[in-house]
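Next, two complexes with chain A in common: one pairs it with chain B, the other with chain C.
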Partner chain A sequence: MIQKKICLLGGFAVGKTSLVRRFVTGMFSELYQTTIGVTIEKKALLVGDQDVTLMIWDLYGEDDFQKMRESYLRGSSGYILVADGMRRSTLDTAEALHQLAQSTLGPVPFVLIVNKADQLKEWEIDEATLARLRHKGWLVFTGSAKTGEGVPELFMRLTQTLLEAA
Partner chain B sequence: MAPSSSPNSLPQNMLEALLQKLGTAVLARVGTGNTFHLIGDPPPWWATTFKTSPESLIDVGSLAPFLQHFLDESESAWRTDPDRVVRSGPWSHRDLTSILHQFEATALTASHRPLLLIERVDERFDQIQTLLQQARDQRLHHIDQVKTHERTQTSLTGSLAIATQERDDVLALLQHLDLAAIVTNQEGRVTFISPRCLAWIERPSTRVIGQPWEQSLPLESADRKHLRQTWDALTPQRGRRPLRLTSTTPRWIEYEIHADPQSSERRIILLHDRTEVQHLRQQLDHQTQFHDLVGRSPAMLQIYQLVRDVARVDSTVLIEGETGTGKELIARAIHYSSPRKDRPFIAANCAGLTDSLLGSQLFGHKRGAFTGAIDDHHGLFESTDGGTLFLDEIGDIPTSVQTSLLRVLQEKEITRLGETRPRKVNVRILAATHHNLNEDVIRGTFRADLLYRIRVARIHLPPLRDRRDDIPLLVQTLLGQVCATTGKAITDLHPDSLHLLMTYSWPGNVRELKSAVEFAVISARTTCLMPSDFPEELRHTQRDHRPPFSLESHHTEPKTLLLRALQQAQGNRTEAAKILGISRATLYRRLLAHRIDVAE
Partner chain C sequence: MNQPRPSNQPPSPDTAASPQLKQEWAELRTLLLAPEQTQLTELRNRIDHTETDAPSVSKVLAEAITLRGKQDERLTAALTPHIQTALTSSVRRNPHVIAEAIAPIMGPAIRQAIVRTLQGMMQSFNQTIDHSLSPKGLAWRIEAWRTGRPFAEVVLLHTLRFRVEQLFLIHRDTGLLLHHVASDTAVIHDQQLVSGMLTAIQAFVQDTFSTPRGQTLNTLEVGECRVLIEQGSQAILACVVRGTAPGYLRAQVQQTLESIQLDYADAFAAFDGNPSGFDATHDRLMECVQTQYETPRTRTSPMTWVILSGISLAIALWGWTSYHNNQHWRHITQRLSAMPGIVITTLERDGNRIHLAGLRDPLAEDPEQILVEEGISSEQITAHWSPYYSLDPPFIRQRATAMLNPPPTATLHFQEEHLIVTGTASHAWAIEAKKTARLIPGIQDYRDDDLRTVSIEQLIEQINLVSFLFDSGSSTLSEQAQGKIGPLRTLLEDLQILAQSSGQHIVVEAIGGADETGPETMNLLLATARAHTVIAALGGPSFGSHLTFTTGIETMSTVSRSRALTPHTRKLLRRTSFFTSIKDKVPQVAPTP
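On to the complex of A and B.
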């Protein structure tokens, strides 16, 4: 059985914990509880004919109050960048974390999800911006931890890429 | 260095008890792998979190994925740097009942032994968590607020842009429709005024905005008062009468006051230029004056229309009416309303002139044509060329001149007396008479063919007594004229004076009225005309509503009229002529014609 460590990286309250919870337990909560420590969730997947266990590291949000510890990234096969569609600045944070991850881990697979697609009307991040990132070769998803839209695809896609990369 | 060797050092069992109390599990590494054993009794949470037996060796990496990671991280410190203390930072882990707890691990080396301390930090963590949560909530709230502000600002800017656009649209529309509009607030102060309206009142908008609207309009005080009453009525209103804007270019305006359907605070006033309509209306409905003709009685209005009608064509017109009714004024009005208006208008009185004099006057003569014709002379027909010749008292012209006149009308040419060569003339003839020409024709004093030529169109002027309603207006107009020429300022007419004027029979018609007014103005000692200021005869002649003698000349025998006038004048011919409004010479000829013999 293959086990893979992946990390969720992103600014605070973008929905990292919610995405993991949605993916692992199928649940969602409106209540915001900031994550301080590291939480690791396990999820077994069947990709093609391979059983994969994902060790999903939900890291706390990067902000003025807490800096991400580079050491947590160690051993990650890939990562998920999370941004909040309603806050333009969270995409900048995601990009900065991406730089950090790349310098720590080297060129490992990653995907970007712009979360909270259920609030599309409130979005500050437009299609053109996403197109620009896709143009750079990024895998860009939009989705919602609240509705579940795009969530399984996100994890599946990253896992597939990890397996191909291995 | 064994801790127990120093006198101040804690005994081993005490140290273990202390760590247990602090909630820290202490594990010592066995060998170089991930195998550890617990030192002393683990804290109470241990048993509910990990399934291990206190005595056996523990594979720490299998306890939690995070610990596996931490062991890897601590390896180098343990191996190469005994002074280094590695802290894991908080991590969460579910206990055996799936409750999430927060832990922290520390790797260090003591007495050459790699140690691993695992603490449950729930309590401490809760505090940090609370603080951090507050900080982040606040940050989110702040972001939200900024966003809301931005959105409000954007929507305000948007609304403003829309409002401005709408305002511009409305303005463009108003301008396009050339509508004059004023928008006011509840108190009637101007908040908007359309360019058209500004142009009318000839003021910059800065002097109008914020001002009471009715004061922004240049109006006479009566009009302003009327306007305020309409405004105060509060219901949507259309002004009952047009108002006169007394700007450099005076205008008649009609107005409507509407409540703004969008806001009860506002009212919209629409103004319409009715100057042209008003002028037409004045001319038609309430015409008081037409050229120099004064009067608005139905008979006069009909005459004005007739004048306009005949002015358009070039036919000869016979103007009938008693003496003093203003026949020449009618002729002038026709001329000045006609296409000939820029050419001469010449009036000739045909009464009391001999054949040759009248003929010479009208047609001109060659030197020596008759006694006294010392030079070549062109007549009125030639002087009037292209214009209008008014022949007054046409009933009085001698037969020979009638013949020449007929030729002019037929051939449009004249021959000067003493000449044979005819000359072409282009003259419109207007004729007037106070005779009944039909009777003259029967009597043989007037040529029938000439009558028919002259009477292509006919205007009959009523005597003043038949249009008494016009008397006040006439008096007012005449008074104005007389005051202007005499320089006297008469402002009022005593009611008794008006009564006097209204009941008098005016055999001499408007001409007599004018002399009476002149007389009164000269006599007046105050600014008000009293009955005593008027000529005696007005007060002494019988004043009933019937004239003292019927002057319905067209239906009454001329002879009867002459006799009545003589009777009233007690045989005095000068007086009789005056009563009839004719000259003494004319009276004389008529008396002869009717074979009335009166001794002076």
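On to the complex of A and C.
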């Protein structure tokens, strides 16, 4: 059994906690509760023949009032950037957080998910933008914590990348 | 002298480069350096082809491992994962081999574990009994009922000094759990999440309060629970303690962390998320898992001293009273046992009741009287006596006196089974007493050798022979006459007693006399005075109830009629003589003065 610490980074109310809850418990709640500080969840996966326990640090969403604490990032083997497809600014926030994480952790694996794919019509982030990011070498997912679309794949892919990097 | 000598050195091959010379040089080199050349070649082969040097390594492998193992724990750290992997592989392929190998140690280990479990259960059971049945336990039960908390929690709260419940060995950078140990009674939640949150809290506090590097959160405290956190360069050791942790515990946690960091430096360096490399820290961490209960207070409370003093006083009082009662009872039994005519066969106390039984001579005193004298109420006494004759000399004499009824003039003595009678008694009584005495228990012999037996008539005869002579014209007893008063009184007393015993009455007439000298009237008075003088000397007219004195006179005129006067006769007229007579009945009137 191997343990890996990963972090979820993203702007305010992009759905980080919902993604984690969907992945860990398979549930979703419409009730929004802001995360204060950090919550930690655990999920055991089997990747190939390797037992992996993901320690998922769900960090509070960064906004004008709360800035990311680098100390929470420390020791993370990888991270997930979360953006809200309905808010273009959250992608900018994700990119900024990516810069912060890279400076703190170095070149560790990461993935980006643009959440709330269940409301695609209201998205402000277009495919061209995502293509640009993919072109930069980012692993970009679209998905929905509400429907569960793309959520397991997101975590599995990051885990595989982590193991490959190790 | 300084001229150069011809050189013996051969010319350089470079300088003498003819093929023949080269060959000669080669031959010469071979001849001179062949062994060294061979050794150099072997050494070069060893360096270039280490894989073929296994035989050489095998020669020093054991010594090398020993030497390296003595230096530090790195060899162990390096070998541990491989040995674990090998063991795992072996168990999977053929578990019987390992099972047979560890069977000799598994049996005792299992037995020891069972014994420990049972001991723990017994200790827990004893504590439960102790806490359940003691006043303190009852108070705790009331507290548990009042506060709605479980009884066990209340007991723990009051008795547990501290208990290390869990230890988390956490990788410092990642917050991942490396190893976790817990006590048997600890409630364990997801230790990996706890580990992560502890790290997050550490980071949060450090960022929030901008503490200098090296100063970290080292204690979390919530109610009775306290988390001691020691942070090292590689790891964090969090120790969850319930109760009041002693000062030495933090030092112990710190030392444990330092030793783990030192001994597992390679494992820390190679840590990639797999915590199995730290499983061997289990025993070292378990040394910190300890429990210490509140030791019973040795100081005794004042109330206990008061109670103990009261009990001691009560015991002392009871002891003194018992001793006093025993002494009193002993005194009573001694008195009862010493009573003549009493044989005690049963003497028992039953609470306040006293049971007495035995033999009692009818003449003996009442034993119950002794008990009453000793302060025992007669209502408390139950006595049952069987009559018997005691052979104690006082009783024999008393019994003889009662049966023989001797006259006052006779005295009974009892000496060595002989009844001896002395004094004076009637002849009839003496005969009757001699018959009866032999029938009295305890009397073997009856002796009356010293008993004088007289009759009333004999006494009267003796009394009538007594007379008191007076000087002429005098009514005073002469010295010689006074000497006769005592014997006469004895005779009169004997007579009085005999008369009393026979129911008769004696009249003793004292007859005063006077000679013819002087006038007749004076002589009559003188004669009367002489009679009264003697009566007075004998004790007066009231001598006894059965003896009465009367007076009479005997003058010249009365005497001359009966006999002729001689000088001697005339002298005899100046006397007082007696005439004693018997009357059958006791006179009812008072005697004549």
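Going forward, the second predicted complex is superposed on the first by the 166 of 166 C-alpha atoms of A that agree within 3 Å, B and C clash if a C-alpha of one lies under 4 Å from a C-alpha of the other, contacts with A are read in each partner's own complex, and residues count from 1 in each chain.
One rule holds in what follows: a residue touches a chain if its C-beta (ideal position, glycine included) is under 8 Å from a C-beta of that chain, and two chains touch if they have at least 3 such contacts.
These figures come from a predicted structure and were not determined experimentally.
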Which holds for A:Met55: it touches chain B only (first), chain C only (second), both, or neither? both
Touching partner for A:Gly75 - first (chain B), second (chain C), both, neither: both
After superposition on the shared chain, which partner residues are touched by A:Gly37: those of chain B (first), chain C (second), both, or neither? both
Pick one for A:Arg134: touches chain B only (first), chain C only (second), both, or neither. neither
Is A:Ala166 touching the first partner chain B, the second partner chain C, both, or neither of them? second
Looking at A:Ala13, would you say it contacts chain B, chain C, both, or neither? Reply first, second, both or neither. first
Could you look at A:Met1 and tell me whether it touches chain B, chain C, both or neither (first, second, both, neither)? second
Can you list the residues of chain A that touch chain B in one structure and chain C in the other? 37-38, 40, 42, 55, 69, 71-72, 74-75
Under the definition above, what is the set of chain B residues touching chain A in their complex? 64-66, 69, 72-73, 89-92, 100, 102-103, 125, 128-129, 132-133, 135-137, 139-140, 143
Residue numbers on chain A that touch chain C, as the complex places them: 1-5, 37-38, 40-42, 52-53, 55, 57, 69, 71-72, 74-77, 166
How about chain C: which of its residues touch chain A in the complex? 171-177, 190, 192-193, 196-197, 199-200, 203-204, 206-207, 272-276
Of all residues in chain A, which touch chain B in the complex? 12-13, 32-34, 36-40, 42, 55, 61, 63, 65-66, 69, 71-72, 74-75, 87
